[in-house]
Amino acid sequence: MANLHITLPGLDLKNPVIPASGTFGYGQEFKDFYDLNKLGSISIKGTTREKRYGNPLPRIAEGPAGLLNAIGLQNPGVEHVVAHELPELAKIFDGKVLGNMGGHSFEDYVETAAILSQAENVGALELNISCPNVKEGGMQFGTDPATAARVTREVKAVSSKPVYVKLSPNVTDIVAMAKAVEEAGADGISMINTLVGMRFDIRSGRPIIANKTGGYSGPAILPVALRMVYQVSQAVDIPVIGMGGISSGRDAIEMMIAGASAVEVGCANLIDPYACPKIIDEMNDLLDDMGIDDIHEIIGLSHKY
Amino acid sequence: MANLHITLPGLDLKNPVIPASGTFGYGQEFKDFYDLNKLGSISIKGTTREKRYGNPLPRIAEGPAGLLNAIGLQNPGVEHVVAHELPELAKIFDGKVLGNMGGHSFEDYVETAAILSQAENVGALELNISCPNVKEGGMQFGTDPATAARVTREVKAVSSKPVYVKLSPNVTDIVAMAKAVEEAGADGISMINTLVGMRFDIRSGRPIIANKTGGYSGPAILPVALRMVYQVSQAVDIPVIGMGGISSGRDAIEMMIAGASAVEVGCANLIDPYACPKIIDEMNDLLDDMGIDDIHEIIGLSHKY
Amino acid sequence: MASQTFMKVLSNKELIKDVFEMVVEGDTSAITTPGQFVNLKLNKYQEPYLRRPMSICDYDDHTLTMIYKVVGTGTKLLSEIRPGHKIDMLTGLGHGFVYQNEKSALLIGGGLGLPPLYKLAKELLKKGVDVKLVVGFASKKDAFYLDEFKDLCPVFVATMDGTLGTKGTVIDAIKENNLSYEHYYACGPLPMLKALAKFDDQHGSLSYEARMGCGFGACMGCSMEMKDGSSKRVCYEGPVFASSEVKIDG
Amino acid sequence: MASQTFMKVLSNKELIKDVFEMVVEGDTSAITTPGQFVNLKLNKYQEPYLRRPMSICDYDDHTLTMIYKVVGTGTKLLSEIRPGHKIDMLTGLGHGFVYQNEKSALLIGGGLGLPPLYKLAKELLKKGVDVKLVVGFASKKDAFYLDEFKDLCPVFVATMDGTLGTKGTVIDAIKENNLSYEHYYACGPLPMLKALAKFDDQHGSLSYEARMGCGFGACMGCSMEMKDGSSKRVCYEGPVFASSEVKIDG
């Protein structure tokens, strides 16, 4: 059996498989299915300064080989998360988790980061910069390099833990975004978030999702995610956690070959609650079959071509 | 049976279904399968100033519900196309076609447009601006509004036919691109081109496509295409020809509901050579079922919400 | 407690045009109350990608019955499944109808909301409750399972076009027949649930539907905002909510 | 001329580990020469999305035989198809092996390149040509269809590990056995084809493979650049090219 152990800033992973933010709640819904300690780590549901109900229903639509969601960062607010959800999660998962967080202003991010990074079992923050910047007219933090750099810098200044910045794929130049946040002090990058998409009810003509647009993810986005991880992992010196469409051990290995040092698995958890442990088993089998002793051998294997 | 007839700048379409550029050659390969006069129009394989062999093999890879291609605009050059391919196509298709064209410099575009727009059976040009601008360091014409506007303006100045600009989805702000080309005089917009993606051979770690990255299209990109067509068709006053992942009459109708005045069908032709006539039949049946008498009733139906 | 299991199809028969009854056999131990649901992965391919939620119409220690209408790709596929085939399902999902110690209960179904009331009727009857059913359909030709319910309790029908029973909604039928109850249990389309919550917000249990990403509480795709500003997941805290806790408007 | 048809599977049997022979029945009228291929849509879902090209190993007026190796999702699915099932195929694709009026022909197969040579051998024999086969495999355990070919013509084998026949490549076997020919026909992996075109660029017909988007000439996904700078589609002008026209390097 190959060595799957990976060490990243703030995270000591027994294997590189991490359920992605927003598809695993705070872990409780999965504990009936399997022992969460099988996982490398867990990225918690995106947390914000204040409690948020999120968007009206419907929040979910479907696309070919994927789903569209517009949850709108529903969460109980960072203070509640630190006081309740994280301690509850600590009871069922021994390792450190990724503290995924969002915000709609610089202050939001900074205050949330200061509080969330204090939590005992948060190993690192994961800054979701795909939220619209309400104050500056709804433009996303995640689409302008300077804005992304500023939020990274301000969060780094208050965070007691390493910071991963989670990039949005809805940009012309993903490498520019990555370099901007690296420059601003990010300890790692996680990518990709969802692609903006829509579906319509053909009878009424109405967008299916109440919020009109939604984030598209699942197998359909894998080739886009692989391309972006390939480009970014070669352009920066900090580790990349890769995600987008991973639903098998084979997909996870392909993502690491593209350049990811670990992977997150999103939608797949929703379709099959056992997705993550299955992916870990499949990775083990496939690496054996490929004659690989240590997972590090495949990270960025494609870069030599 | 609903009225499917649509009139657009330079194109008089008996129905809104047009095979997309690059997936239908110059029509010859399909004439054994069905009578091309069933089609609304045809968008010819992207034509350039000079003959191009294109990229080395492999040029094709596969993704979930889609394919990746890196053909590299293989074509016999505009003079040959005007002298041979277009007259041959005129023998098997009575209507006007979309003269799809690419280029790697402003001069390329202008010279190609001047020649291609003269062809008898070209109803309008379709400017593919997803090609890298070789002179300005490989940045795509299709990702910078000012560059896109300039190429549109220069091509409009020499073209004797209406010009549709074909937008790339690999941008942060598709609406800005659309407005820029509208402002520059485009008579219509066609969208979307392919999403940049990659796949890897997990044994060797090598990118499957020799060119490394490829363009991803097929059903997987439908939600992204719908979203962009929805946004752009509301922001501009010129018609939008919508495409990206259409493989059924239902998909075509959804695209028109999103705001497209006609649709192109790409990959679906490759999997099923009868895709376009099937889509036309399915649209007819579905419109009857929906009680729609005229296809115009559904164009942009979603905009009222 | 949610659990994943594979169940073998015993029968899949068309009751009326496009409405099917499917009986499957397997491990039903995760199901604890009427009104819970299952979530079906219809094939091993990614089309459709999401699971499809279906109410449990009836169950015993080794079988489970669902009634569904063919409305799209997923239900079309479901209708084509032949006996012997095994279906991947998550079962025991959500919190169903909870007996409120009432002596008389009115069950109110709207269209495809009728199925989960079947097992509920059986359970309430076992407890000695006086049970009546009101059910609304668009038209007589959409009616199904009436004989099955008539074997259990009195049945009152409303149809929008008046082709069967009261012309109008279930509320019209309740009024016309002067139906009284200590508690009512309802499942049906959103407008019906809203009308009922307005009609009587104190004595009802309402079963909701929502487009679901997971069906077991992980994605927040189905969270409804409650009257008190809290939010509850249709798939987890629901699908059954008290008529007193739901927002009537919006 | 390319045509779409549905063919019924008659048999699908494993010859050696992971290598299957499938016989299907249907309209074979579009097939005109040995060396043409079919392109298979393996199910109605979008997984796999693309069709899968397969050489025609043998055909008559109502059946068609393919031999394939399970290497990925598509061929795995193919191996699971049971007799009676109908497969959506494009048939009569490409231009196959054309008889060059030679008196003696050497057929050269490499691994899964062997199948299309079977029908070719039969056709050449009908014309009275003296036919010999050389075939290369990695190892003895990878060999298949040797008895079938031995019923037709003399067979010479090369294996890379020497477990059967000549140790080495097909070229080693040709040299070792002093095999002469007026024309040779080859199908196999790219390195073999290149080596042969170098070995004898004047008297050969080489059958190529390429990743294909369509298989019928529409997408330019399979265009090879020829020695003279022109380009030809493996699926349309090919898969068989003259050894004199292909680029040996690059």
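Note that the chains are named A, B, C and D in the order they appear, and that numbering of residues resets to 1 at the start of each chain.
By our rule, contacts are C-beta pairs under 8 Å (C-beta built on N, C-alpha and C of every residue); 3 or more make two chains touch, one makes a residue touch a chain.
A quick map from chain label to UniProt name: A, B = Dihydroorotate dehydrogenase; C, D = Dihydroorotate dehydrogenase B (NAD(+)), electron transfer subunit.
Computed from a predicted structure; not experimentally measured.
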By label, the chains that touch chain B as well as chain C are A, D
Taking mean CA positions as centres, which chain lies farthest from chain B?
-> C
Chains linked by the largest number of contacting C-beta pairs = A-B
Using CA atom averages as chain centres, what separation in Å is found between chain A and chain C?
-> 35
How far is the middle of chain A from the middle of chain B, if each middle is the mean of its Cα atoms, in Å?
-> 34
Cα centroid separation, chain A vs chain D, in Å, comes to 46
Mark out which residues of chain C touch at least two other chains, giving numbers and ranges.
-> 46-47
For chain B, what residues touch not just one other chain but two or more?
-> 61, 63-66, 219
Note which residues of chain C are touching chain A in the complex, please.
-> 1-4, 41, 46-51, 90, 210-214, 216-225, 229, 231, 236, 250
What residues on chain C touch chain D, complex-wise?
-> 43, 45-47
The chain A residues in contact with chain B across the complex are 61, 63-66, 68, 143, 170-173, 195-200, 202-203, 205-207, 212-214, 216, 219-224, 226-227, 230, 245, 250, 253-254, 257-258, 286, 290, 298, 301-302, 304-305
Touching chain D in the complex: which residues of chain B?
-> 22-25, 28-30, 32-33, 45, 53-54, 56-67, 69, 71, 74, 208, 218-219, 267, 269-274
